[in-house]
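Structures incoming, each one as structure tokens.
Look for chain A in each of the two complexes below; its partner is chain B in the first and chain C in the second.
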Partner chain A sequence: MLIKPVAEDFRVIAHSMGRIFVVVGLAGLVPLAWATVGREWHPFSSFLLMIGIFLLLGVIGLRQPTSDRLDWSHGMVVVALTWLLVPLIGAIPFVLSGHWGGEIDALFDAVSGLTTTGLALVQDLDHLAPSLNFWRHLLHFLGGQGIIIAALLVFAGGGALTLYLGEARDERILPSVTSTARFIWSVSMVHLVLGVTTLGLVAWQVLGFTLPRAIFHGLMIFFAGFDTGGFAPQSTSVGYYHSAIFEATAGVLMVAGAMSFGLHYALWTGRRRAVLDNLETRTILSTFGLTMAMTLIGLAVTGLYTHAVGLSRQGFFQVLSAHTGTGFATVPASELATWGGLAFGGLALAMALGGMASSTAGGVKALRIGITVRSIVNQIREVLLPEGAVVGTGFIQAGRRRLTPQLAQAAMTISLLYVALFLVGAGVGMAYGVPLDQAMFESVSAGANVGLSVGVTDPAMPLMLKLVYMAEMWLGRLEFVAVFAFLGFLYAWVKGK
Partner chain B sequence: MKNRPGSRRPSHLLSDAAGGLISFVIEVAAVLILALVALLIGAVVLLLV
Partner chain C sequence: MRRLLALLAVAVLLLAPAAPALAQVPVGALLSDPSLYEGEITVQGELVGDYGYRSDGTVWTQLNDDSYAREPLLEGGRRTGGNIGIGVRIPADLVDGLDPPGGYRKRGPLVRLTGEWEFHDPNRGGESYLDVKELILIEPGREFGEGASLPALLVGAGLILAAGVLWLRRPRPR
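The block that comes next holds the complex of A and B.
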């Protein structure tokens, strides 16, 4: 029998939501300051409205009398609601700017930003006010680093572990969730300083940007690269810079973003051997090599690139962008659509596989792929080896672990859910007349939170397709569990006793 | 007590920054190696196709 949620359940959820709204409202002060300095008074007023709503809802939530004891279902509902309501309010400056076709288009970009996807419906991006551009990229940073993690640092309170797990992070690096959250922010801050400095220097000294413009572009590309988001300040994405050094620097941030924070911890503490022995490292290196070979062979067959440097540069960057779940591109969507065949398959596969677990990347994740492959290999070896022979079931992932049937089943279940998600999105695309390969590419890009596009994502696309892609981004980012728990909570509210 | 990245003690900030810098250099090296591998694959593929 389903138990109907009581008033206390709603108060606990509202209290936690209040904390998160306050944190996001305070984060909104940064673009507000940017608009003030730049004398962008129209965006300024829209940011003021957005911050006011966040803080008002935050204070209302925090005023709810509660025992502050989040259980598992409360935590999951809070996480699922956060990823719905923050974009809803965060889209206000977009709606009021006139750069989006309507409320749904603005919401689409806010969802895409927060889920670190990078698909965009913004129009005339090259003339968007810098403060609004900053807010788009800050959404990547908030979503990638985890609003929940930020809230945990500000209000270390009850239910921290549930919220942390709900945000699709299943690896506690340090003994407490708060110290883990602090480490995650330390990694981000170090990369922020090094990444923005390097990108800014390249833009300033090599590309000839003015210093303020170089810093602005460095900051935007850092937010979108390190958080594997994919928004860019210009409509031509990273192709705008026409610079191999800039692409390589962005690539470093993309790789850092797709690495699990457990691996960052191993690198920081000098345990480099642990990085190489790690199941995820080995899996992602194998799948990266495979998808890159597929893409380069496919591209060579099409004859689009006849020189090794051009072929490798374009193939490498696009595969790196796809596999890390970033979504930066150095070729326009119209050109990407002509890649076709094996190159298309290689990119789509790289997007679907995604980065590492407990990173800012999306997709099925290397850990699940590694566990699934290892499990299949073990089953084959059990059949082939003499009866009674013992098949090793150990693997290294944050220490030596045993590959249990439960672990393999969990990995396969989530992997299958991702495949189903990609197929549903592709099916809806095809229903609106999008060719199979393009419908599948775009659906994988949305569901795996990547952001590469072959041109299907466009302000003129059908409303239903926009809604389906938004749902894919939401489900893919939260890896299904929090969303299912939220739907279960709603069902219990309606049908429970 | 052993230093742990993420600790807020001032003496740990330096070791945090050093760890982060080394980590960043390794990431740069990894991307360069991957790019070289891509170049090698690209050259071989163009020769064969």
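The block that comes next holds the complex of A and C.
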């Protein structure tokens, strides 16, 4: 029998949402300060409105008397709602700026920002206020590092583990969730300082930008690169910089962002062997090699690049961007659409596979691919080997683990859900007349939270397609479970007794 | 025979495909089919973003040929989609004296650039850009203002105040 949620359930959820709203409201003070320093009074007023709504809702939530016992379903509802409501309020400065075609377009970019996707409907980005540009990229940072993790650090409270897992993080690195959250933010802060300094120095000394602009570009590209987001401060994405050194620096950050925080921890504690033996590391190196080979061979066949250096640099960067789920591009969308054939397939496959579990990247994730492949190989070996032979089922992923049928089934189920998600998005695109290859590419980009585009994502695209891509970004980022639990909660509310 | 040859020459000139390299090329058309325009071309638009002064005596920036270059949003221009721009490399002496590039509350200088369209330049790792030889300033850059949104400001301040009051008057456990 379905049990209808009672008032206490809603109070518990509201209380947790209150914490998160307060944290996001406080984060909004940063672009507000930016707007103040830059004397950008229109964005300033829109940030003030946004912060006011976040803080008021936050305080109302925190005032709810509750026993503070957040169970599994509450946690999942909180996570799913957070990733819906934060973009809804966070889109207010976009709507008021006049750079978006309406509320839906602004919401699309806010969802894309928070889910670290990077598909964008902003118009005339090259004249957007720097504080608004900063807010776009800060959404990447909040989404990539995990708003909920931030809230866990600021507020102590029950249900931390549920919230942590609900945000699609599978791995507790340290014994408690709070210490894990602290570690994740420490890693991020170290990368922030190093990343912005390096990118800023390159932009200042090599690209010849003024120092303030070099820092601005460094900060934006750091947020979008380390959080595998894909927004960029200029309309020509990373192609704007015309610099291999800048691309390489951004590339290092993209790889760091696509690495699981468990691997970061292993590196920090000097356990390099654990990194190399890791199933995910081996899987991602293999799939990266495979998709890179596909793309480079495909590009060579098309004859678009006449020299190996150009072909390799452009091919490498696009595949790295796709596989890490970042979405930066050094070629225009119109040109990417002409890659065709094997190159196109290589890029789409790289996007679908994605980065590592418990990282800021999206996609099916290397861990699931590794487990699925290992499971299939084991089954084949069982058939081929003599009866009674023992097939090893161990693998290394944060220590030695056993590949159980349940684990394999869970990995395959989520992988299949991703495939279904990509197909549904592509189907809707095709229903609106988008060619199959482009519809599939764009759908994978949205569902795997990548952000590379062949031009389908455009302010003029049909409303339904915008809604479908938003849903894909939301489902893909939360890896389905929290969204399904949320829908189940709603169903129980309507139909339960 | 001479007349026939003259007629043939005229026919060839009339029937020959237009030579895009000599004409002014809209950047949108250039991006749609970039390999078609290899060679010398002229483009026109607004310089936006940054002037990146490189050690080789060139400046890299972006040229936008879109509706916003002609009618900025803050001056009542209509939204027409994303920006349409290409990277341009200009000798530094041609940039001297130009207004700052376009950005927030700034329309950059409108210029006509003639140069070599380098499509997937093998010497620059496959980048595509215009290697500018000549720059003609059509219109200098200009700045415009954008005031605060008073309703957003007042409502926002009111909400923050209300949140503060509610927080101070929250029920505390005894």
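A few notes on this one:
What we mean here is this: the second predicted complex is superposed on the first by the 497 of 497 C-alpha atoms of A that agree within 3 Å, B and C clash if a C-alpha of one lies under 4 Å from a C-alpha of the other, contacts with A are read in each partner's own complex, and residues count from 1 in each chain.
Here is the rule we go by: a contact is a pair of C-beta atoms (placed from the backbone, for glycine too) under 8 Å apart; a residue touches a chain by one contact, two chains touch by 3 or more.
The structure displayed is predicted, hence computed values, not measured ones.
With both structures placed on the common chain, the touch criterion links A:I51 to chain C but leaves chain B unconnected. Applying the stated contact rule after C-alpha superposition, one finds that A:P65 touches chain C and leaves chain B untouched. Look at A:D458: by the touch rule set out above, it reaches chain C but stays clear of chain B.
By the touch criterion defined above, A:E103 lies against neither chain B nor chain C after alignment on the C-alpha atoms of chain A. Touch criterion met: A:L320 reaches chain B, while chain C stays clear of it. In the overlay built on the shared chain, the residue A:L311 is in contact with chain B and with chain C.
When both complexes are overlaid on chain A, the residue A:L125 reaches chain C alone and has no touch with chain B. Ranked by how many residues of chain A each touches, chain B and chain C are led by C. In the superposed model, A:S334 lies in contact with chain C only, and not with chain B.
Comparing the two complexes, residues 306-307, 309, 311 of chain A contact chain B in one case and chain C in the other. Against chain A, the residues of chain C that register as touching in their complex are 31-32, 34, 48-55, 59-60, 62, 64, 66, 68, 72-74, 79-83, 85-87, 89, 102-106, 120-122, 124-129, 146-150, 152-153, 155-160, 162-164, 166-167, 170-171. Residues of chain A touching chain C in their complex: 40-42, 44-53, 55-56, 58-60, 62-63, 65, 96, 98-99, 101, 122-130, 206-210, 213, 217, 234-236, 239-242, 244, 304-307, 309-311, 313-314, 330-332, 334-335, 458-460. Taken in their complex, chain A has these residues touching chain B: 174, 179-180, 182-187, 190-191, 194, 248, 251-252, 255-256, 259, 264-265, 267-270, 272, 288-289, 292-293, 296-297, 300-301, 306-309, 311-312, 315-316, 319-320. On chain B, the positions that touch chain A within their shared complex are 4-8, 16-17, 19-24, 26-28, 30-32, 34-35, 37-39, 41-43, 45-46, 49.
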